[in-house]
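Each of the next two complexes has subunit A plus one other chain: subunit B in the first, subunit C in the second.
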Partner chain A sequence: MDLLDYAWAGVLAVFQGPVLFSIFGLSISATIAMVLFGFLNGIFVGATPGLGGPMAMAISLPILISIFGFSSDALLPVMGCLIGIMKGATVGGAVPAILFNTPGTPDAYLTTLDGYPMAKRGEARRALKVAHFSSASGDTFSDLVLILCAPFLATLVERYLDLPEKTALLILSLSFIAAVIGGSVAKGLLSAGLGIFVAAIGTGEDFYPRLSLGTDMLAQGFPAVAVILGVLILGEVFRGLEDLARSGYGRPTLPGHAPPGPPGNDKIRHLPWQDRRPLLPHIARSAMIGTAVGALPGIGSTLAATLGHAAGKRRHARKAPDARAFGTGAPEGIAATEAANSAVSGANLIPVLSLGIPGNAAAVFLILAADSIGGFNPGPAVFRYNQDAVNPELIIAFGLFATMLLANLINWTVGGTVMRSMAIMTRIPKHILLPVVLMLTLTSIYVQETRMAALWFVIGFGILGYVMRRLDISPLPFVIAFILGGRLEETARQAYAATGNDPFFLATSPISAIFVVMSISVIVLAQYRRPTTAS
Partner chain B sequence: MKPLLKRLVAAFGVSVMATAGIAADWTPPGPVKLMIGFRAGGGADTQARLIAEDLETRLGWKIIPEQVTGKGGLTLATALAEAPADGTVIGMLVTESLGYNMAAAKTPLTPADFTALTTTASFQMGIVAPASKGWTAWDQMISAAKDGTPIRFGVMSPKLADLAYLLGQSQGVDFNIIEVKGGKAVLDGVTAGDMDVGFMAGIQTNGVAAGDLVNLASAMSRPLKQTPEAPAIADLGVPFDADGYFVFVAPKGLPDEAKTAMSEAIAQIVNDPESKAGTMIGKAFGGPAVISGDDLQTLLQDGYDAAGGLLEAASE
Partner chain C sequence: MTRRVACWRLPRNSGPPSMTGRDVNANTVLGLVVIALALIVLLVWIPLDTESGILEQVRRKVTIGDAMEPSLAAILMLVSGILLLVEPGGPALSPAHLRWLAGICGILVLGFALIRWTGPVMAWLWVDGVEYRLLRDTAPWKHLGLITGSIAIVAGLIAVVERRLSVRGILVALTVAGGLILIYDLPFDDLLLPPNGDV
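And now, the complex of A and B:
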């Protein structure tokens, strides 16, 4: 099979895969239905302040697995649904930002600066259309870059990197993630180190279970789903509950929640071309910034939005001094922000698919899905096609690309309409939302793990996640290090053995030596950057 | 029973319980959890999942496959030993897990803590190199090693690491032995150029047929079916071998009717060359190898008892 055959097989796997149901003799593929379901769900959670894409992905993953099972047929429907949620949430985040000055997702904060002033002028509908147009454009661009780059990068890695270099590359990614995520380098390293430590429990090459304190409960290691959902989701819920308790229960809406603008007198049906044209340069610039930022693991969409907005602001002030400035309700401001934060979602799958390294929470859940179901191990081996045997992983990879393009198609066609109907979500009070999330998370973990120990683990890691948040330590390096810890150990052991037990295997080849030097310098250099908030 | 199947079974010199049909009077009291001791995506995992699928379609049993990997199958064995012995939890391992690995790990568990159900196939354990290396026979690799080329030898278990070490000793070369998880990882490593040669237990069949891979030697007491001319490990001066089977086991104390029903159901599926699992086993492992009942229980115990010899030889 050559590459085009694989691409076509991937598309067929999406459209002719397992059938969910059929109406009037027309069978509906489960993957298509799940992408649509995930996308609508994503807009829904994105538009709900306090919820977000990662949270929805986390809760739905175990439920989806229990529906679709562990066979490799389940990969595309489950991962398609998660991708749909990821994309939908990016679009949905702009809704409350524009209408109520409350970002639905953290990366939509900058959308409030221009979106809410537009809504106050009575141009809410127009602002939403601008946000959707920019978001969908940025997202589509980013996906195309992913599809072109990931196979290329993976082939490059396979061809030129030997075991010591692969080890060094993992070390570099971990140190980069620890250095750039969160408030300080020390806290990032602490978080990542803790993640590697937890990954070391109950694993390892020896027959004796490591660090298990002689207990059977720890001998199997921690179930990945309990660790990740505990730290990322329960930690967030616990912190939300405490915030709620401090600010007094039962407040109907969130603090900082502004009244909605006057009812729209801008009953435009389509955004006219003369409105779209001035947005295009901003969208193009921000899409490129977002894609570049997304391709680096760990930086995330908030920084992409900040950079996109700042670049757009400078340019806008110089090129169009007479137009409305950024921050006073300029549609260009919304475009620059939304295109940038949406362009992150496709590009952050570049390191996932080509190297197996997750860069943000959404990618963490995609890797978790692949690990739990089995039959697809994201990494450079996926894109190998020089054998005569069919490589089923490559078909899945192209299937994933097809689901992303499908999600974009849904976004372009119905996304805008659905998005504009989501204003109601902002009114859900947190004291109802958080317990529901808590219960859903615990239920979904029990569904997948079916042992009580998993629930104790998840609550334990939830408390850890809460403490980390209180100490302003980002939990994301912890989770990513937890996922990569096993691979790092394995690759390092293999590199050591392969070089004839050379303890300095990281320093002997030029490429790995460069990676190690880069790992150290990224830590050193990050000390001098100005502090940013955790994303 | 079909004559073809009889021949296959006879060819392996193993006994199969007479099966007039699958014992219909026993059905599992609920969904059956099938613990799989191998990484997802490899040959063993595929085999287990296909058997699960065939069990579901043929008998209507609900099978839930689950990966329980690590510690050379001992993670699975430990979990399985504590599971209820009512037919709701079974596991798929290799005989090595209950033999060498269990003995080497010094766990309190022995094969007597499990009910042996049936084996499905034997390994076609070859020592395999990529064709791109240019070696067509074992001696060419050894002379390359003696000329100073470092040889990276991929193995997927501590037992095989011991065998590779002993092979190096007997041939007078030092291999750089890389232990990875599962035969698929060895295949990936050899294909990607991270390893020069490695043990593969059947996953190499397609690659060898296509000319991408070469079976340099058999790691078994008998020749490889695909490459009968390759020397066996005993010919290379190592008095141990990597003979082994994929095996289904249940916790100790499984009622006899459940034991019979389950082992017969699995044996029928793997013995049927038309079933999905049977087709796959025919392709990857050269046909089924079914041993069940007391014979299997004895085989497992013998493997456990014999593990000491290899452990001693390799630690000298």
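And now, the complex of A and C:
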């Protein structure tokens, strides 16, 4: 099979894969239905302040695995649904930001600066259309970059990096994530160190499961789903509930929150070309910024939105000094923010698919799905192919690209309409939503693990996630290090053996030595450059 | 109809409690705790609880032992602890945070106890000579734990935030329990709701 055959097989796996149901004799592929369901669900949760893409992915994953099982046929429907949620949530986050000055997702905060003033002027509908157009454009651009770059990068990795270099690359990724996420290098390192340590408990190659304290409970290690959902979801639920209890649950928690603006009286059916044209330079610039930021592991969409908005603001002030300024209801401000944060969603799969390194919470759940189901191990080996043997993982990879393009198609066609109908979601009280999310998460984990011990683990890691948040320690390096810890050890063991037990195997090849030097440099530079925050 | 419950009080609009303003540097305290933890892990836990060392000789061949990965993790934590000592400021955990956490854990422990024991206790009370294990695939027995546990957890947490136990909270909890039964129990024969995998 050549590359085009693989691409076509991937498309066919999406459109002619397992059938979910038939309408009038027409078979509906499970993958297509799940991408659509995931996308609509994503808009729904994105438009709900307090929820978000990662939370919805966390709750959906065990349910999807229960429905589709653990066969390789389940991969595309499950991962397609998660990709749909990821994309839909980014679009949906703009709805409450524009209509109620409350960002549905953290990266939509800057959308409030121009979106809500437009809504107050009675241009809510126009603002939502600008947000949707920009978001869909940025997302599509970043998906195309992903499709072009991921195979290329993976092929480079496979061709030029041997085991020592791969070990060094994993170390570089972890140190980069620890250095750039959060407000402190020390806390990033602490989070990553804890993650690697937790990954080591109950595992190893010896007959005795290490660090298990002689107990059966720890001998099997911690279930990945309990660790990840505990730290990411329960920790957030515990903190969110406490903030609500302290601030008064009926009141908004965000500074600058204002009552809803007047309903949009602008009855425009389509955004006219003269409205779209001035947005295009902002969308193009922000899409490139978002894609570049998304391709780096650990840097999230909030930074992309900030950079896109700042760059757009400078250009707007210089090129159009007489136009409405950013922050006062300029459509260009919405475009710059939404294109940047949406462009992250495709690009952040570049390190996942080409290197097997998750860069953000959404990517963590895609890796968790792949790990849980089996048959697909994201990493450079996915893109390995030759004419003689079939690589089923490459078909799945192209199937994933097809699901992303399908999600984009859904976004361009019905996304805007669905998005505008989701304003009602902001009315759901967060203090009711969070306990529901907690109960759903607990039950989902039990259904998957079928033992109460898993629930105690998830509560334990929820407490850890809460404490980390209160101490301003980002939980993301912990989760990523937990996922990569096992792989890092395995690669290091293989590299050590392959180099004839050379204790300096990381320094013998120039590439791995450069990676190690970069790992140390990124930590030192980040520590040196970070402004001190003395209270 | 609502009823006031005696739950722990949180001062409203007081902002997150912190140690800001005191003479204690929160990051220094955190750094010392992390250093102590890392040293315990490195010097006590890993040597006593791993079978092989950092490097191990098996049949005249040297391999990486099971102690390598956790040791590196502990060293990373040690470095982060030392860096925290020189990093000023930072938020701290206050007694109010710990009280909140204790309260949340209390609700969850109560919820888990109800999930685990409601079904067996009801079966013991109402069905003579049949243990719960034989009823765990029979409605409504298999749902009792989930329903009571949901009420404790969902309605309990809503009550903590609202500072009153409300009928709305209980209705939400019952709806959640019903939804979970609809999602997991009705369509799938092979899935077990809590606590039916443990009994």
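Just so we're on the same page, the second predicted complex is superposed on the first by the 516 of 535 C-alpha atoms of A that agree within 3 Å, B and C clash if a C-alpha of one lies under 4 Å from a C-alpha of the other, contacts with A are read in each partner's own complex, and residues count from 1 in each chain.
The rule is short, and it goes like this: contacts are C-beta pairs under 8 Å (C-beta built on N, C-alpha and C of every residue); 3 or more make two chains touch, one makes a residue touch a chain.
Since we're looking at a predicted model, the values are computed, not measured.
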First, second, both or neither for A:R493, with subunit B first and subunit C second: both
Subunit B versus subunit C as contact partner of A:E158, first or second or both or neither: first
First (subunit B), second (subunit C), both or neither touched by A:A513: neither
Touching partner for A:A325 - first (subunit B), second (subunit C), both, neither: neither
Partner chain in contact with A:F70 - subunit B first, subunit C second, else both or neither: first
Which of subunit B and subunit C A:G485 touches, first, second, both or neither: second
Partner chain(s) touched by A:Y208 [first = subunit B, second = subunit C, both, neither]: both
Contacts of A:L440 with subunit B and subunit C, given as first, second, both or neither: second
Superposition-derived comparison: subunit B or subunit C, residues of subunit A touched: C
First, second, both or neither for A:A245, with subunit B first and subunit C second: second
Set intersection of subunit A contacts, subunit C complex versus subunit B complex: 205-208, 493, 497, 501
Contact footprint of subunit B on subunit A as seen in their complex: 69-71, 158, 162-163, 202-203, 205-209, 216, 219-221, 373-377, 380-381, 384, 387-389, 393, 490, 493-494, 497-501
Subunit C-facing residues of subunit A, complex: 63, 66-67, 184-190, 192-194, 196-197, 199-201, 204-208, 210-214, 238, 241-249, 431-432, 434-436, 438-440, 442-443, 446-447, 450-452, 455-456, 459, 463, 466-467, 470-472, 485, 488-489, 492-493, 496-497, 501, 503, 527, 532-535
Of subunit B, residues touching subunit A in the complex: 39-41, 45, 49, 53, 64-68, 70-72, 74-75, 78-79, 82, 101, 104-107, 150, 152, 158, 174, 176-181, 188-189, 191-195, 206-207, 210, 212
List of subunit C residues in touch with subunit A within their complex: 10-16, 20, 26-27, 30-31, 34, 38, 41, 45-46, 49-52, 55, 61-70, 72-77, 79-81, 83-84, 87-93, 97, 100-101, 104-105, 108, 112, 115-116, 146, 150, 153-154, 157-158, 160-163, 168-169, 172-173, 176, 180, 183-184, 187-188, 191-195, 197-198
